[in-house]
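In the two complexes that follow, subunit A is the common piece, with subunit B as its partner first and subunit C second.
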Partner chain A sequence: MAGLILSQVVIGLVNGMLYVLIAVGLSIIFGMLGIVNFAHGAFIAVGAYLAVTLVQNFGWPAVVLAPVLTGLIGVIVEMTLIRHLYGKEPLLGLILTFALALFFEAALKFTFGGDARPFDPPGFLSGLIVWGPILLTTYRLAVLLVTATVLVAFWAFLRFTRFGRIIRAGSRDAEMVGLLGINLPIVFSGVFGIGCLLAGIAGLLVGPLWSLQPSMGNDAIMPAFVIVTIGGLGSYLGAAVAGLMVGLVGALTIQFAPGWSAASMYVLMMVVLLVRPRGLFGESWERFE
Partner chain B sequence: MSQIKKPSSSLLLPIGRRGLLKGGAATAVSSLAMPWVSRANADAPIQIGMVWAKNGPLSGQGQYLAQGGLLALQQRKNMLMGKPAEIIWLDESSPQNSAQNAAKLMGEDKVVGVVGGVISAFALAIAPVAEKMKVPFIAANGAADELTGVDCNKYTFRSQPPVHVHREMFGPYCKALGKKWYLITAAYAYGQDIKKEFTDYAKENGIEIVGADEVPLSATDYSSYILKIRAAKPDVVIGGVVGGGLTAFLKQWEQLGMRGKIPFTEISIGCTDIWGVGPKAADGLFTMTWYYTNKKNSPAEQQMAADYLATYKRPAADKAWMGWIAMKSLLDSIEAAKSTKPAAIVEALEHWSMPRGDINLHYRTFDHQMINRALVVKVKPKITDQWDYFDVLAELPKSPAEVEAVYGTQAQSACKMGPV
Partner chain C sequence: MKRILQALQHPVLIAALVLGALSAWWLAIGAPISLITQIAIYTLYGAGVNLLVGYTGLVPFGASVFFGTAGYVCAIFLRSLNANALAGILVATLAALVLGLAIGALILRRKGLYFSLLTLAFSQVAFEIANRWTPVTGGENGLQNVPRTLFASDRAFHVFVVALVLSGLWLLWRLAHARFGRILQAVRDNEMRARSLGINVYGVRLAAFTLMGGIIGLAGALLTLMLQGVYADNLSWQHAGDSLLMTVLGGVHQFLGPLWGAVAFIILEDRLSALTENWWLIFAPVIGAFALLSPEGIQGLAQRLARRPRWTLTRGTIPPRPPVITPYVPEGLALAAGIPVLEARHVAKAFGHLVTAHALDLQVEPCRLHALIGPNGAGKTTFFNMLAGVLPVDGGQIFLEGRDVTTLPVHARARLGLARSYQILSIFPHLSVFENVRIGVQAAQRSAFGFFSDAHDDAAVNERAWSVLDAVGLADRAAEPCASLPHGAKRLLDIAMTLTSPSRLLLLDEPLAGLAESDRDIVARLIKKLAATHAVLLIEHDIDRVLALSDRISVLHQGRLIADGRPAEVAANPEVIAAYLGSSHGGVTAPVTGQARLAAPPLLQVSGLAAGYGGSTVLSGVDLTLREGEALALLGRNGVGKTTLLRALTGTLRASAGDVQWAGSSISGRKPFEINRAGMALVPEGRRIFPNLSVADNLALAARPGGQSLKQIFALFPRLEERRSSLGENLSGGERQMVAIARALVAPSRLILLDEPFEGLAPAVVQEVRLALETLRRSMAMIIVEHHAESVLAMVDRACVLVNGRMAFDGDALTLAADPQLQARLLGVVEAGV
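For the complex of A and B:
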């Protein structure tokens, strides 16, 4: 039994890391642009479809282009549609990104068909790893390592680069950043593109695990919102901790009370918000007060 | 002394002889002046409704069901009773949304019949709307027992065999695989029916249930469930996971090294669920309502498969057949009734039949359940065609008498149907 629980913990960690990746993209777009991006799930699907297309046509090494292309699509979407909404009624952003989600789903369906498409992990990542009582697939271990690397690299980017500092400052007071002479429109496009790039990485990684179909991102969006809420708005550390908590609680609930598995993350959110209404690491943000 | 009052004349329309003559003349003049008004009504196409998922995880199945329905009308050159006919297809994303769109079709668009309900929960939501609006509805993809059981009504028909029928046909196959079962089913009406039916079957046949999990419809990761199954060491897994959930489950089942180690079985799956899994991970023993390479397909079904291939450039999935047979039965019945009146169509549906081998497909009058066989199919050991994943092992039940018997008798049915 202990071995089974340890294996569930590891699976919970892998799922949690994927959720973190999705939630961080959602969080930086909201933090900087004030847009609740309902199309984030659609960008996950776009990333997955680009990945399978690149693999089929150019082999696995080409797959790294999938998130980059997803990010570029995000930049184009920001430059043509999203930027017209800054400073306007927040509801408009919700409506537009919801419409974008439907548009991308329909576009994927039109291009690739509505059926789920086969997408297996690469041959060198097939197989199982058994460490004592812990059972894990090689692919999931790779997902864990890639996700952890991406998240650490992104943290370092935010922490140590000039653009990262601009993003962090802009999340708190975009107007002040603009007054300092920084070209905000370019920053905004970059931030939306980075958020979509992270969604593209998530799409690439979950493609071989989930059912690859145009609506595949829809089910990932709600956990991502819950993680952002639990972690605290705009907190990178909060998103990371909350993602792992949601993954772990989900896996352990399946083990001990499977009937509650769908509700477990909401119960967790409720408990956290009762104790800390701003989330685990949330701070007071003037612009959202 | 009480006096019976004459109705007040003010309650009656004040139309006298002159008024009537004036009205008649005005109508005659207006029809001369605007002849297209009356002609438009006469030439207005007969409208049929479809409610199938266009978006979301169920849209993969929805598109095939819809294509089958469209094909059934196309095979008639889009004509019914010598008039043009057209299909209005609305989306469904939840039971509430299914019911709303069905009500819109029946109330605003005045369709003469509706085919739809991509899953049992959606079909169960449409059925009471059909009863209230008095418009015939055919549930083509809902297998929950209630549809033609306790929740049946005079306007609702069902072309898919219900869960208990699949169980009766498939139970012996699962039993032959072993006497320790693990159930993993979706947490809604259909999955809960599978759980109940197979648990009952296990009790009746001395089979031990070593585990049973209900999975949320929104689940994307099944590895935690698979670890539990692996630890429970069952002889066979009875699934009740639907659509993209089944696809994800089988992919993760293979990745965790379970493919071929413990047999996976499930009733009433669709081709599309397995196409998405891919040849490497596809595995299992299933029931299915129809398969395009089955040598026992009737001439009409073979024609449908050929027409589908010509139109959509790929083989007809089982869901395409399900959409087709439901729509065909409705269109045949409208034609037979020579009327678009609901009561006439309901009566014609109750008398509709189509030969298939040694049986006639038909709806029973007492519960409106279509009588048909089901197939037992197994994933091929080696898949060389991107569409052809299955070997058909059997068509069950074997004899026509057994086919009737497996659906149960009127006395056994929970359906208590009112009049039209």
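For the complex of A and C:
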């Protein structure tokens, strides 16, 4: 029993980290552009399908291109569509990204068919690991390590690079960033692209864990929203803590009350928001209220 | 004839015709009528959603929680009791109402995105419950075989649904015009203003949310009966979006938006899915195109093509103007003689390091015009906000006619007789001029909850509204939407709304700001008249008028009251004169020696510049030339357009006329970042440093090759070196100012614009900043915006003075410094010509 629970905890941890990855992308887009990107889940699916196509045609090494291409698609979407919504009614951004999500889903269905497709992890990651009482697939462990690395790397990117500084500053006062001689329109495209790139990485990683289907992003986007809200909009640390909480609570609910795991995170969110209106680590930002 | 035409334009009749025509068409081609039944049901669903989105201004992502829950309640009730359909509908609607009340009470304290996400969370929880609680909800299979004994045939049921939906729409149309519906629209437009008129915003929103729950619940029950089954699908977030999508597609600001949205959505879905499985491939771009190109939806597009864009949430008419308008009589509440109407005792407030109120004591007597003046940043508006209840006090007490109101909310103080106007225009922008005032009158009657009879039929309220409109001279424009009014008229409207409530005390925050001279006279006379029946506390920068009008003047300076008395006494008070004109801050700096005219080439040439916000004109015909390395003081009383000029120069505000030349080429219309890269740096008012970045990161963000090195910066501001890794939010005001200046220096700037660089700083810090600016002189050009002449005249070559948006003086700094009379006339408290 203890072994089972521990294994569930590790699975919860892996899921939680993936959710964090998705939530962070959602969060930087929202923080800087003020757009709630309902299409974020669709970009996960796009990343996953791109990955499987690349693997089939060019072998595993080509897979690293999948997130990059997803990010590029994001940049194009920002430059052609999203850009026209800045400073307008927030409801319109919601409708546009909602339509985008449905469009991508239909486009994937049209191109690849609606049925679930298997996406096997590469051979060297297909084994099982037994570690004391914990039983885990090698691939899951690999996902854990890759996600952790990406999250740390992205944190360092925000913390130490010039573009990272611009993103952090711009989420608090974008106009002032422009007044310091920084080309805001390009920054906005870049931020949207980076958010989509993170979604692409998540898509690549979850492909072999969940099966590939055009609506696969839908299962991931709600947890991401929940995590962003629990952690506090715009807080990196908050997203990380909330992601792990949601992952763990979900995994443990599966253990004790299977079937109710999805509801558990919404209940968690309601409790947190009613007690702490701006989430665990959120600060008072006008744009969100 | 006219009446018949009018009746034909009734939206419910239009809805009946549209649904009737669709039904006839479907029957004629022999297609299943249930598709049209579905359109009718979703029209009602959308109308419920739009009660919140279009009328109340809240966006629920998860309104489906009511749709789905009511559907299940209806199904479970009918299956277990085998009752008739009407009972099922009734029970389901009641259940949705109760659910709406419960959820609303819990989450309506949250606003914006948090509110939207919370509704989404509720719908997701409901979805999970429906999907998993198999014994009760049937789980993933849902519930089938819901009995429908009444209206068993599809056609009979269709007629029943259409009749019910049309009645529902008719009731909603009545609601939109009743007191309650009109209050909703006021709350949507301007929550703060609604509160200050005495409207309980939370209560009104809760009622709207509950009603929405009931209407959507009714629609949900109808869908269950139509399908004779219920499924969890409708609760999932993908489908939660459908009704919102339909409403936006049709037009959220149109009463019939949900109808057009449902028709387009459901018929297109039906037709397209017959063509291809991937119909979203076609439909999603259509929706996206509407979001981008026609934000007002289908009806908005049609209106635009017909060149008659207008919101149709209510009829666009106002009650007829009476032949004779009853003259306005200020309706002051009885004032007890002798007791001060308002008393502040030791009221204190601090924002972090900045103390904006040090134990303020103030008494406002009945039937007196009491003015509160003070230089920019003195803390006047903060004090007002504490008096009105917008900001909590940090210490002290506030009494209204002897009653302690320190902890009462805004609307409760309003009901006790405190009325207020705002410094920033605060009206209901999407309502007509008449309706703006009428809402105020209605709110004063404390009867917000009329749900059925048209509020425009209340003759007493109308009469009062016309009187108030006439008093400010707006009766002729009563029918216009207020968005189309010129700025001055909006000001008048703002004041008119303050007059609607029977009040004891009027708090007027800069009622003359942005008004033309003729309007100023009208408003000033009105204020004087009001002071005969009310206690009036007035913040105003038009010092000449304040001195002429007021019975008593209190002067606030750096959060302290430095004078209180009759106008003549106050104007002669040396401390007040010093506060306005500035005593030399330590007087260390020597005046600029050798006023040799700079021979350098011109760097900045402004000609005929005009600019303003949302149609108002703040600046007009401004000319200004600045040479390389020249230091210029841009002076003027508060509110004359100094900051607006800086915004126009830096590109954050588009000039409405004129041209700006930079080193010989035009920079008009360039983006802020391009202008900054050309070498113009701004040190903004309020500093605007990034609170979540360290000092070093704040500087690194702005640094460009050719700017000063960190070493040079730290030599200039040694304090920043100690604090280089502190976050911006933990800095003191002085340190923030240093970072803001340093940020301009780390890039190669040829001109640095400083907006009120000494505001809110302690004297020692002021001195430090002054010395730093002194060091920078000649290495770059400088424009220092100030309202204190004396604090900067010693540091600059030239001075310009703006008066009411025009350049009133442009010359040697020494000339101005040597002429106290000129200073007093352009900047001071003394009346013109004295």
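Convention: the second predicted complex is superposed on the first by the 284 of 289 C-alpha atoms of A that agree within 3 Å, B and C clash if a C-alpha of one lies under 4 Å from a C-alpha of the other, contacts with A are read in each partner's own complex, and residues count from 1 in each chain.
One rule holds for everything that comes next: a contact is a pair of C-beta atoms (placed from the backbone, for glycine too) under 8 Å apart; a residue touches a chain by one contact, two chains touch by 3 or more.
For clarity, every value in this text was computed on a predicted model and none was experimentally measured.
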{"item": "Which of subunit B and subunit C A:N218 touches, first, second, both or neither", "value": "both"}
{"item": "First, second, both or neither for A:G181, with subunit B first and subunit C second", "value": "second"}
{"item": "First (subunit B), second (subunit C), both or neither touched by A:K109", "value": "both"}
{"item": "Partner chain(s) touched by A:T229 [first = subunit B, second = subunit C, both, neither]", "value": "second"}
{"item": "First (subunit B), second (subunit C), both or neither touched by A:D173", "value": "second"}
{"item": "Subunit B versus subunit C, judged by how many residues of subunit A each one touches", "value": "C"}
{"item": "Partner chain in contact with A:P208 - subunit B first, subunit C second, else both or neither", "value": "first"}
{"item": "Partner chain(s) touched by A:N15 [first = subunit B, second = subunit C, both, neither]", "value": "first"}
{"item": "First, second, both or neither for A:Y266, with subunit B first and subunit C second", "value": "second"}
{"item": "Footprint overlap on subunit A, where subunit B in one structure and subunit C in the other make contact", "value": "102, 105-106, 109, 114, 218, 222, 259, 262"}
{"item": "Residues on subunit B engaged by subunit A in the complex (per definition of touch)", "value": "55-57, 59-60, 62-63, 187, 213-216, 218-221, 223-225, 227-228, 230-231, 243-245, 247-248, 251-252, 255-257, 272-273, 275-281"}
{"item": "For the subunit A and subunit C complex, residues of the former touching the latter", "value": "36, 38, 81, 84-85, 88-92, 94-96, 98-100, 102-103, 105-107, 109-110, 114, 162, 165-166, 168-169, 171-173, 175-185, 218, 222, 225-226, 229, 233, 259-260, 262-263, 266-267, 269-270, 273-274, 277-278, 288-289"}
{"item": "Residue numbers on subunit C that touch subunit A, as the complex places them", "value": "53, 59, 61, 106-107, 109-114, 117-118, 120-122, 124-125, 128-129, 132, 237-238, 241, 244-245, 248, 252, 277-281, 283-285, 287-288, 290-292, 295, 650, 652, 671-673, 676-677, 682, 684, 688, 690-693, 697-698, 700-702, 704, 743, 747"}
{"item": "Subunit A residues within the subunit B interface of the complex", "value": "4, 7-8, 11-12, 15, 102, 105-106, 109, 114-121, 126-128, 135, 137, 139-140, 206, 208-216, 218-220, 222, 250-251, 254-255, 258-259, 261-262"}
